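What follows is a pair of complexes built around chain A, which joins chain B in one and chain C in the other.
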Partner chain A sequence: MPELGRAALVIALGLAVYGTIAGAYAASSRKRRLAESAQNALLAAFAATVVASAVLAAALVRNDFGFTYVADHTSRDLPLGYTLSAFWGGQEGSLLLWLLVLTGYASAAAAFGRRAGRDLVPWVVPILSGVCVFFAFLLVAVASPFATQPPPADGLGLNPSLQNPYMLIHPPLLYLGYVGLAVPWAFAMGALLARQSDERWIVATRRWTLSAWTFLGVGQLLGAHWAYEEVGWGGYYAWDPVENAALMPWLAATAFLHSVMIQEKRGMLRVWNMLLVVLAFCLSLFGTFLTRSGIVSSIHSFTQSSIGPWFVFAICVATAFSLALVLGRLPLLRTHTRLESLVSREATFLYNNLLLVALCLTVLWGVVFPIVSEAVRGEAVTVGPPYFNFFLRAFGLPLLLLMGIGPLIAWRRASLRALRRTFLVPLGAALAAGAVLLALGAGSSIPGVIGYTFAVFVLASISLEFVRGTQARRALGASSWLSAFGSLVARNRRRYGGYVVHAAIVLLAIGVVGSSAYQTVGERRLQPGETMRVGDYDLGYRSLVRRQGANATEVRALVDVRRGDRELGQIEAGKNSYPILGQQPQTTNEVAIRSDRLTGEDLFVIADQIDPGGAVYFKVLVKPLVNLIWLAGVVFVLGSLIALWPDAREQRRLAARLARVEATGARA
Partner chain B sequence: MRLVIALSVAALLAVFLLYTSVAGGTPSLQPSELKGRDGRVALSGEAIGPVTGNARGEGLRFRLRDVEGTASVPVVYTGSVPELFRPGRAVHLQGRLRNGTFVAVPDTLTTKCPSKYSPKRQS
Partner chain C sequence: MSVLALCLGAAVAVACVLWVARPFLADPEPVDDRLDEPDELERRRLALAEERDRALAALKELEFDHRTGTISDEDYRAEVGLLRRQAAGALRALDLRAAGRPERGRLDESVYDEADWATHSRPDHIEEGEER
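Our next item is the complex of A and B:
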């Protein structure tokens, strides 16, 4: 069996090399048959990767410890789901997943991308094949998942803190996001190679970018939720390099999703869009590199290995290739439209982009700072959460504000009188909310009050957009308010889906502000029978119980919770101890979280230290509104789905427009 | 005009970055590099026993050694102790050197898992 896997990977590599060379030759000399052959090679490379993946999956399921990879990452007593998740648990398997997703995406993108014009897809095929060559080469020559050994009696098993449903879904989602960003990049580079100066590549890849971006966003949020519930330090994001690795391409892709609208609408920002898509893709490679190479010290620290230098090489090649191509085609990308006013829809898009890219680059700077300072000063200097939090406030709060201003401002040039009229309601709502918040004592955190006030402003402005649109449709003859609202969204899925996503970001912002700026922390050592007070919660530590779970010894402190004169019931916080053959048992923190469904507030109880005598050192956090963060994830997916949903009307509009572009292109 | 905006934002950013990278940031050191330092640093190394004391009391005491080397320093730490902490593990904490003992900032101790999914291979 391992021979079959190895052979499949060698075949995939050969096909990818063929796709790159033959495809590039076919595209440059306009040989249609050869280009189709290269595209078929890409599809066949996908098939070969599917075979290799099936071999690995089968070995995992069968507990075939003759595969070194299987023995290193699973054990006999591991439940089936987690055994399968070991596919992406280790280095070699995750590289294989990269290749699988990449070849799959690439074949699909080439097959569905024809609309973008006949001369673009022949270039996309060799570009994506080139990326496949890199990953297939790593899998064949550097990190093979099909290494064999004399089978040991049992495998080494899976880290207990990862035996958790989130780990089944969080890593694959991130991969779908990371790899997905290769598609718009390949189309952009293809457009440059084919000397297409128009926006066909953007139109052809809109859904690819949007879905990759959605996967990346949801994947990160699930990771945050996992950290919050399972790791148990009371937070959900720690600015760790591995977390930032996923945030950076997401920020770049967010900027890209916005700025392409300006190019579609007004033909501006062509060079900028190219640079953004290059940034997003290179950051996704860099993110994979960060998580896999261990170059920056991170609490996550995946297996260290030899693939680091190869990744540096690949990132350099991809960056140099892209930038050289953009520079070489600069005359082609010259735009004839200019920004007419600094107070216009275009301008707000521009500000949004500058802020997003600035945030992305500051995060990047923070991540690489230890490496840079080591090289310059001979001493690695790390920047911690204060650095990142500072820039999140400095760039994030203005971004939040822009989300409220953008949708209400006119294209091209907005008049001050119109502005005053438009902003009266949202501004009034925001000021009123700010005053109420200050009266309620939210002034303890100035950034907090600003964040909340901006959030109200954005929500008011989004609601206003929905109300106005619905009124207009009702005036046009919709039978009821509901049908007017439905047809409003259905007819402008992109726009209103986007607004729903904005609402999700506002919810996220409120949740983050509430749970960080207004959290209350208390910690104390309690003997059984003693109580402590945190915020307006009274906690009474009743007793300690010890019991045997399915595969761990569980210790739990039973705590009675009261709020004012209301009994809220009993919660259990403690630790699990997992035995590991021949080693000290591994303990995990099992926190108690009591969510208030109405207010979205969490009471988060950590039994930080359990003394043999029964005394427990408790750390208790009250986190207001934190559940809005998870709600934001649901709204985010909903908004993305609305924007992604196929729309026959939009397709017709686009087809007509592309035909027009093609006609003018042919004339020029 | 666009260029002006871009340049002004870039300049602003550069100032921010310079400011924070000079003022903020903590040098990341190993025990052998600690000599003569009195400012706040991030220290990483391998924890070695015996581990004594109480992290929620007078302080947890252990030694930290260079990951590849023999130089080591006594450490006293208070605050939350990660579940993975034990002698032999690579750990990371912040603090400053006082009278030959590294006094850690509370709650800064983090451990590195030897590997994401599997315990260290005994090869």
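Our next item is the complex of A and C:
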């Protein structure tokens, strides 16, 4: 029923247009029923988008190749899970997912945001509806997932690279992150339009921002794991434009999450926070544009399309609107608090912000440089990993250090005596770790030694915070050490959840440093029966096998692995060949990975070239500590959940603060 | 277009229109159709409440950081008096405002409890009046 899908999208577009125009008029002329009607339109747009999504999902499940989208992205032999993941495997489907998540988020944010700002929500509704208009328009007029054709016998199938379990969850998580950043942006702009100078918009969006940031972070890690397993080049992050597309808004949101704490605690950085929330949202639009327009060359870009100019237009409008509003409301954002000392916790937050934004803008420049160079010189000059790696080290290492310094310094100011006392243990631990690493021969990579030393400093600093905090809670009357620890975390979830997230970043840093600075690589062509040695591993190429998989022909090189005297078993590296109707089959690398759970090390084997005669050109990598990167993801989610978990005391405090505003709004 | 699709599309459209029109259908002749917003006095009260919460939170954090040893005695003494005065000032201003507008009621009692803890608690080893 493509007609129903098309009709539902047209209805969603109409409702979004109504929500924008009626909502803006209602907010500016203070008309209550019209404002409520505009908010209802947002919810109705969500319902209409759910209908459109259900139509597409049903067409995918039924292999209804009369839908051009279904025929282009699935085939009869595609397993059901991947058939469903084709929903976001193509451009039209992923735009529909954007709209589905956006209308859902917008309805929920408008409904639940009322408590923190009844006078704010009437402005938030038209802003979010305006974003919905853009995506609904694209789906109705430019890239409809409901285009039809005479049904072919079979579909073209899903891009083989996307036939991976991670693709079932990685793109939706990224979209939940990208789209989620629209909510804090809309509330920030709503606060400016409503001439609010207080912090209700921050209170209303705190959990939205943190959730979007978490989704974006986890989505990127899952994407990295997908690249590690599926793309088959031996790495997990290649500074590809599409990878950077998700990293940039995440960096901006990270800066915002930190600087917003300074506004809450000290009333400072109001303009800066507005700019950061604008940057994060515009970069999320830019990220979708990069992923979907095919404007830059990327291993992850699966589409070339004509939606680019529309996105450029939308990004320009969103940026111009936001900046004009911030400039127009500058007097409202004026703050009377000043930074008291350059050695204080808020100062470390400020340094952290500057480094995060510098890294974000550096990555942005690297991404757009090929486009700029092509426009100016007529030749696209690609910026490679050395550029990004240099700035990652230049900004990332000080950032890592600041994560350890921040908790050790008090708010407002810190005396030399206090600094000496708080720094003693972490600094001692870090210097000792650095010396041990050098003695063990880790000096082959200076950035590696610095990275590990900083990581130990941060872990010691975080551990010290937990130990001292637990001791203080115990002294305040906790019955046991466990209850003291529980009470410590429960009474300040954002602070200690944040420390757990910092621990995750440290694990990530250790994993990245270990697997990049200290990896061992070996390459050799082997005939069956020959062996090669890489690091401590001995690999014996036994034979080549061919077999038929679910929807691909599989070729595998069987390799026996030994480490010293110990047999580690057999692994299989090879290639899959996916037949495509009327086209050449597509081939993918299917790497073999053997993980050592105790040390976190991976043996990574790529069968790079397979000769018909049976000889195989192997590329083998030994990647120390790489599994800490994936462990970091688990710790990251744990820390985010702690920070997100509702705090009854905080709720009561906010209720007391906002009670009068509630009462005022309730009269409406 | 199939008949079923046509009917379903029309049903979705009608349901959406009814839902959007609901505020007007449910309340066709309202006594007051105006969206209320905080007046200047209310905005001022909110700003004071934010200032109070900020000062109280800072005091609690200062006390805790002092207990954990992140803040030295001399830094603690330099900060605590200022923060208490800020909290007390915001509380006094809010209290006066609440007293002047009895129809709105006084501040929530839990605020006073919290304020009492934060403005009067003192670690055992800091003597009375020492922070001054």
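Operating definition for what follows: the second predicted complex is superposed on the first by the 651 of 668 C-alpha atoms of A that agree within 3 Å, B and C clash if a C-alpha of one lies under 4 Å from a C-alpha of the other, contacts with A are read in each partner's own complex, and residues count from 1 in each chain.
One rule holds in what follows: a contact is a pair of C-beta atoms (placed from the backbone, for glycine too) under 8 Å apart; a residue touches a chain by one contact, two chains touch by 3 or more.
As the structure is a computational prediction, the values presented were derived from the model and not from experiment.
With the C-alpha superposition on chain A as described, chain C and chain B fit side by side in the combined arrangement.
Look at A:162: by the touch rule set out above, it reaches chain B but stays clear of chain C. When the shared chain is aligned, chain B comes close enough to touch A:89, but chain C does not. In the superposition on chain A, A:362 contacts chain B only, with no contact to chain C.
When the shared chain is aligned, chain B comes close enough to touch A:380, but chain C does not. In the superposed model, A:104 makes contact with neither chain B nor chain C. When the two complexes are overlaid on their common chain A, residue A:418 makes contact with chain C while staying clear of chain B.
By the touch criterion defined above, A:434 lies against neither chain B nor chain C after alignment on the C-alpha atoms of chain A.
Which of chain B and chain C touches more residues of chain A is settled by the count: it is C. Of note, the Cα-centre angle with chain A at its vertex and chain B and chain C at its ends comes out at 150 degrees, rounded to the nearest 10. Judged by the touch definition given at the top, the superposed model places A:73 against chain B, while chain C stays out of reach. After superposing both complexes on chain A, the closest C-alpha pair between chain B and chain C lies 22 Å apart.
Across the complex, chain B meets chain A through its residues 1-2, 5-6, 9, 13, 16-17, 20-21, 24-29, 33, 42, 44, 54-56, 80-81, 83-84, 86, 92, 110-119, 121. For chain A in complex with chain C, the touching residues are 1, 3-4, 7-8, 11, 15, 18, 26-27, 30-37, 40-41, 43-44, 47-48, 51, 118-119, 122, 194, 197-200, 264-267, 407-415, 417-418, 421-422, 465, 468-469, 471-472, 475-476, 652-653, 655-661, 663-665, 667-668. For chain A in complex with chain B, the touching residues are 72-73, 86, 89-90, 156-159, 162, 233, 297-303, 338-339, 342, 350-351, 354, 358, 361-362, 365, 369-370, 373, 379-384, 386-387, 390-391, 394, 525, 575, 580, 583-584, 586-589, 606, 608-609, 617, 619. The residues of chain C lying in touch with chain A in their complex are 1-2, 4-6, 8-9, 12-13, 15-16, 19-24, 27, 30, 32-39, 42-43, 45-47, 49-51, 53-54, 57-58, 61-62, 64-65, 67-72, 74-75, 78-79, 104, 107-108, 110-111, 114.
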